[in-house]
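Structures are listed in the sections that come next.
Shared chain: chain A. Partners: chain B in the first complex, chain C in the second.
The block that comes next holds the complex of A and B.
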């Protein structure tokens, strides 16, 4: 798909004099599952709400399916949105919640029944159609919210932190369910979360946002392995990447990074940077491979099959490096 | 299990047995106080209505004679019809205005607290003062409204001298007094609605009118019920404003049941018949309130906690 399905061109948003989105350029291909991820207040929800048509565009362009939608009303953008609070109408049954949008659009009744039946079958909502939202569990409400979005048969699904009100176990289940749903329907999806694990596990395309701008866009593993900057390096991955300050040096074997404490860290030949340059050397904490010997390993905190260990390397003067990192992020 | 320490058979202690009653015990003093004050007045009123009482408060039991006399009294019948139309118009107008104010106040972002406080001022002004203010506004010669009409080249009206106009002005004064509190109740209801619902409804394609009737209104049903009780009660029982505004005139055009009650009991010293009117008002208010509670408050319990 050469042309993006959802495209943002130099999109800006200001409230009063305060700019809260600084020129976003982003292309989301058709059928992609794009995850906007970043800490609270990074502008990701604003970007999603602008896409939905719930916030005005200050300047720039939003295109959906090749159509500029800046001034198109939310109901005519061909989108459906799942809210963090689910936003189910509390006085309507599950069925009425799902059909409300279709009724507002004067969809023929038999079509409404068909679509509700289909959505209910996909999401296993059949026995709950007559119930009120207050009679459902959190996970069921979540599914109703998705069902309501499904019946709209939108061109783009928008999810605003849909799992953050669920407990850990249910969150993992729903994560898989949403992903499976996407693989089945192949509808372009934009999903906002502050949870980097959701981003890594669900996305085809991760968009890392920070301080009202996009820091990096790419496939999850590509971003994980090659973060574009220090923020992305620290934000993705748990436990966080080890970051050790040093200087690029060179000897007969090639270039390497010399830490202040005298540790010598190998550098890939293709890594950029010139001799003498101050850099931060990043090492993912997985896979202790013995190279870090010399440090004392204190008892770590066990998190199931993994054990996370915080320690100090005598020579590193920082976090114990246990795996050769590939990224040398520029300071 | 021979080595376990023998356990004392632990029956429910006195405090445990009392536990389910604690909430009721805590409510009891307040309830007794209210019942005492209210009950004294209501029971005393009912007793009064069943007796012939002279100005020295000597009672003679007469059964339902006072009721029969009152219901046969054409002046009462006229006052009752007048009151019913006064109440119906006041409810329709009052709820419409309250809802409009509540929706406007909800939309006001900057200075919402200030305007909310300001909007309550009419409620804090005493009925007599409100009536005096309305007299000033609607006085025929030199009144505010007639002065404005004159500026516009329109003829002056005898607002408080014309029976129909006086009735209208009385309704306006009544609304002026009761709308602020009713709109505050409605505003409270509107503010509890999750804003995401409005976003969801916008995406669903509902226009503002559909959003109001299909989202906002159903979700504030309990508060609508409460404000209906308030508006009906105030309208049925309104007394001081109308008395000070028109004294029931002109030509009895604004003589409501409450005004006639005052007339009977304290001008004609016919306490028995006056008390009958009190009972009539009490019955109307109670029945209406029960209907509202049944329709708006009780019927809504099932999902009221899911408003968030």
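The block that comes next holds the complex of A and C.
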């Protein structure tokens, strides 16, 4: 796998005097499924649109497959994009929607037919080729949008919150379909979402964005287990990570974190920080490791097989550690 | 809390009241607009004296004399042809210009866009009568009086703002992502306009075309001011002249001329109305 298939170098974007992307540096390897995740308005869609060529670059560089594309027209960047609203042509049949890009590029007719057949087979669109988008369900429309991107055989797929308009069940199905498609094609993919579940379940590489900058880049589990800062710690995971302020202390057993209420929280030997330093200690709700014992836990609310509980630890001094456990076990 | 008692009459009124109101209003409006046309149609089949004397709305004998007289007028085919030529040009040309202008206004951000769009309205805001004298002077100086060119220029200038304003709204309502999608598909501006924007704005294009056509076909003040030769008259102009040239007003002939003038326009309306309504409705329910 070659390094840096899609690269951003100190990329900035301003509208008038307002800078809305502050120097993004990011490298996405070839074949990776990178997910840009963050709250609404964090700049992730702007970054995607700049990659597509739909927004100009104010300064910095975008490289795709080793080629700087800042001034390359959108149609020549070798990318295909799936929009949140599907953006299908409502007056064209499914087949025409899928072939439009190829016709515009003057692709020979037999190639167009081949590619549509292949894409239709992959996405199970065969029986719908003659239908208009208005005759399709949300999930089918999304598949047509993907099919349209697929027939182009792009170097990079861009997805801009493609599942936002679908219901929860369909979203899970489509998530699996998109992931399966990526595993089959191995095309470099950049996927924008504000849904952390989508990010965690689909990504090879998660890029957490906040306030128009990148907060952390890494594999999903690595980011989940070792968030780089408080924002990432709080943003990823549901229920959110418990954050308890304290101070690093040391005794004969080694370093630990002492909370203001006197709770003693063990510290891993490789953890950063010096004795006396004020820190925020994070505990994932599903990993209390016995540290939550002694708290008073009310019944909580059931979220399927799990039960999420907001409780107060006697020694946590007003902090409410969240716990998660098997719903059955709590009953 | 006070609960109002509702008897069967109140319930009936609640259920049927709005419908009755709508039907009453619509019936009134139809009668209001259709009565003069119905009167004109029926009168065109009457004897001229019968129009004045008979109290019946229907003719005693259905006569085609008035239509024969109109169709046998020496200049009728010329006036009809003038109307057709001027209308076709003053529909197609403004439509092409308006499509391009409206697409630019709707899709491209440039300085003074809104001011320019407002300036576009000036020809529609200024009373047409106040334009007649300066236009006549100008066209006389240019030697264009009594030519098709003078009618083309004035009619087109009058229709472009109307069509542009209609189309700006239609183009503007097309989601930006669809056009962006076409851009990524490799479509240049012309292809986007031709293959994506125009088909999607088709109800607007047809609406604009029908309005341009109606305006050109019925136009009267410009042709009256800028044409004075008999063979350059259009149908509305000749209809006006009919009144004076007849001496005693022959209402049967006058009404037959009116009906023949309105008929082509009515046919176009009937042909396109269903298409326009269908397109608008289907556009409204598509998500």
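The rule is short, and it goes like this: the second predicted complex is superposed on the first by the 310 of 331 C-alpha atoms of A that agree within 3 Å, B and C clash if a C-alpha of one lies under 4 Å from a C-alpha of the other, contacts with A are read in each partner's own complex, and residues count from 1 in each chain.
In this section, contacts are C-beta pairs under 8 Å (C-beta built on N, C-alpha and C of every residue); 3 or more make two chains touch, one makes a residue touch a chain.
This is a predicted model, so every value here is computed, not measured.
Participant: Would chain B and chain C fit next to each other on chain A once aligned, or clash?
Facilitator: clash
Participant: On the A-aligned overlay, A:87 touches which partner chain: chain B = first, chain C = second, or both, or neither?
Facilitator: In the superposition, A:87 contacts both chain B and chain C.
Participant: Under the stated touch criterion, which partner chain does A:265 make contact with: chain B (first), chain C (second), both, or neither?
Facilitator: In the superposition, A:265 contacts neither chain B nor chain C.
Participant: Using the touch definition from the top, say if A:208 reaches chain B (first), chain C (second), both or neither.
Facilitator: After superposition on chain A, A:208 lies in contact with neither partner.
Participant: Applying the document's definition of touch, where does A:257 land relative to chain B and chain C: first, second, both, or neither?
Facilitator: In the superposition, A:257 contacts neither chain B nor chain C.
Participant: Can you give me the overlap between the chain B contact set and the chain C contact set on chain A?
Facilitator: Residues common to the chain A contacts of chain C and of chain B are 52-54, 74-75, 79-81, 83-85, 87, 89-91, 100-101, 104-105, 133-134, 148, 152, listed in rising order.
Participant: Show me the residue ranges of chain C that touch chain A in the complex, using the header's touch definition.
Facilitator: Listed in rising order, the residues are 175, 177-178, 180-187, 191, 195-196, 199-200, 202, 282, 285-287.
Participant: Using the touch rule from the top, collect the residues of chain B that touch chain A in their complex.
Facilitator: 194, 196-197, 199-206, 210, 214-215, 218-219, 302-303, 305-308
Participant: Under the stated contact criterion, what part of chain A meets chain C in this complex?
Facilitator: Interface residues on chain A, with respect to chain C: 52-54, 74-75, 79-81, 83-85, 87-91, 100-101, 104-105, 133-134, 148, 152.
Participant: Would you tell me which residues of chain A are touching chain B in their complex?
Facilitator: Answer in residue numbers: 49, 52-54, 73-75, 79-81, 83-87, 89-91, 100-101, 104-105, 132-134, 148, 152.
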